[in-house]
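Below is one structure, written out as structure tokens, with a few remarks after it.
Labels for the chains are A, B and C, by order of writing; each one numbers its residues from 1.
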């Protein structure tokens, strides 16, 4: 704030003001285009309260019989997808590190960027007809889209390490493979496993959604309950999902913090 | 001889490994994997058996049905509009939520506690769940999508930005308070200017995520290109599905490139 | 003693890809069991000289023979076999901080055991014994199972020396081994190197920046300037004038470790 007083007064509108105005105009145009009127916005809170009242009380019997198995399936999909992605991404992360494999790294980075570009659900749209409706398609979709991100993050970890020990192993007559084993892997493993756990947390959310296209899990259950306006049953889905995700986040987050200490 | 004995006594024994931890962790991981693989029928054999069918599908999905493209322009534009609205409203609402959740700025413990838990619960539900909920509440269409992305944006920005706010230098905010400034003055002149570049960067990041998410919101009826995708998918028009997926990818990549270049200049 | 420990440079030169000259026309013979100190200002080619002996920096001109064998110019089995007999000690230790001291020292045995054993950390008892002996020689056997990163700087450098010793090398190359250490530890590490040279007869080549250390611990001193050999003589006969020639200027307080010895 003191800086402003020492500067000469700005001529016309400042840079920030222009950007803000541009965003405001853009917003109004968009709102108009999708019929989001001020009246509709003002009406919204009352509407939400009305709808929310339908959600009470949650049908916990439905929760126990239908939602819980579907949630478990979502966890299984996320776990399997993460395991597959972790196994595939570990060698790829090493190959994708510029500092270790300057020639191959570019190719690996290109592949991982492509895999990252596909949201899980678009992959699932292709896997469902290939392997049939169900959780297997979901796990494949989750696995492949996770490989991209885990490879990228893993390569970044590898690129950030101290390369001194790598040269030391080679100076002792060790091969490149042994240099990876004794100088690279011990340095990067805690961070890489932490990334696996973080990806598992994200995959729980992703797999919860996949049911929408028939790839198993809790998403399909929520879609059906809402489609037939069974709001008490939908409430059971939401409650159980929030609970399970919170618990998994806590366990996984705690483990990550211990790993990185 | 005596030297060897002497040396032997100074050699420490290899400490016993923490087998409980090692076996426990390995056991947990294998058990989870076994349970998951069995539960979802995960098998490499099945994958191999289904590959011929998969090839047929891939052959059918290529080439994309280019003649369908003109009918995509409207929905693609709507998708971007949904993303803009979600980002702007969500970005504004995220400011108070992030400030109250920052330990160094919050006016009281109770507010902080409630706000922080509210934030965490928002984060537990995936974007498509919000889309389904709002589609049920306000009806199918882009408004439901925009509202879903609003919530999603709040969840993303408030979490990240409250962490940046906690990392600011408290000297100036405390000076404002000491000079008799109110809590709001402290925020306005002391705290927020320091974390403003982060706020802009996170908002752009949220916009990227929103563009990505808005493409699939239509799968549950919340407007945009996803609604076209859903109808073509359920009638197995895979050449059209491929065209939609490709155009979505290209659009997402363009937006990300632009947003990333702006973000890089900011920080 | 055995000729395996002799190093011979013939017209050795290194030009880096960016055009910088690392070494130029070095002709030099180091005899088995010698303790040689290489001095010169930074950028004079000390590191290049050392790293060319085990092929970490390949020559672009001339040849180097180690024990009569020419140093291969490409990475591969032959170069690895040569490196197995040449231990190296680094300024920044270059140990893997997250592994135990023992594992770091066993890395010195990688070229002496079958690859699969090294890969799965299944070291033969004989090699473990060699590693322990190496740790005892530098006096940190009690730290064998400690995480290497938890040790002090001087102890970490001892791990580096033990790793080199575990190779049972004919030659040890030490690249500024004391540059990151405090004066007291510096003298301890230098005495360790001299003692190892005397007890085991390992040919030792040490790069040093400090003149007083070079004069105190070296038998033979080699001076480099701009990649060229400008001095080669015994530590007793080296004069202030020689140092001036090596450094291209009068040595100042920054070139000695202990200022009392400067004059």
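As a convention for this text, a residue touches a chain if its C-beta (ideal position, glycine included) is under 8 Å from a C-beta of that chain, and two chains touch if they have at least 3 such contacts.
It should be emphasised that the depicted structure is a prediction, and the values quoted were computed from it without experimental measurement.
Chain-to-chain contact here is organised exhaustively, every possible pair of chains being in touch. Chain centre most remote from that of chain B: C (centre = mean of CA atoms).
Should one ask which of A-B and A-C has more C-beta pairs in contact, the pair is A-B. Taking the mean of the C-alpha atoms as each chain's centre, chain B and chain C sit 51 Å apart. For the pair chain A and chain B, the distance between mean C-alpha positions equals 6 Å. Remark: chain A and chain C have CA centroids separated by 49 Å (rounded to whole angstrom). If you check the complex, the residues on chain B that touch chain A are 32-33, 35-37, 39-43, 46-47, 50-51, 53-54, 57, 61, 77-78, 80-82, 84-85, 88, 120-121, 124-129, 132-133, 135-138, 141-143, 146-147, 189, 193, 212, 215-216, 219-220, 223, 229, 233, 236, 238, 241, 245, 248-249, 252-253. Residues of chain A that touch chain C in their complex: 164-165, 167-175, 177-178, 181-183, 186-187, 190. By the touch criterion given at the top, residues 1, 23, 26-27, 30-31, 33-36, 40, 44, 47-48, 51, 72-73, 75-77, 79-80, 83, 117-119, 121-122, 125-126, 129-132, 134-136, 138-140, 205-206, 208-209, 212-213, 216, 219, 222-223, 226, 229, 231, 234, 238, 241-242, 245-246, 249 of chain A touch chain B in their complex.
Here chain C touches chain A in the complex through residues 54, 56, 80-88, 90, 92-99, 103, 107-108, 110-111, 115, 118-119, 160, 163-164, 167, going by the rule given at the top. For chain B in complex with chain C, the residues that touch the partner chain are 7, 10-12, 14-15.
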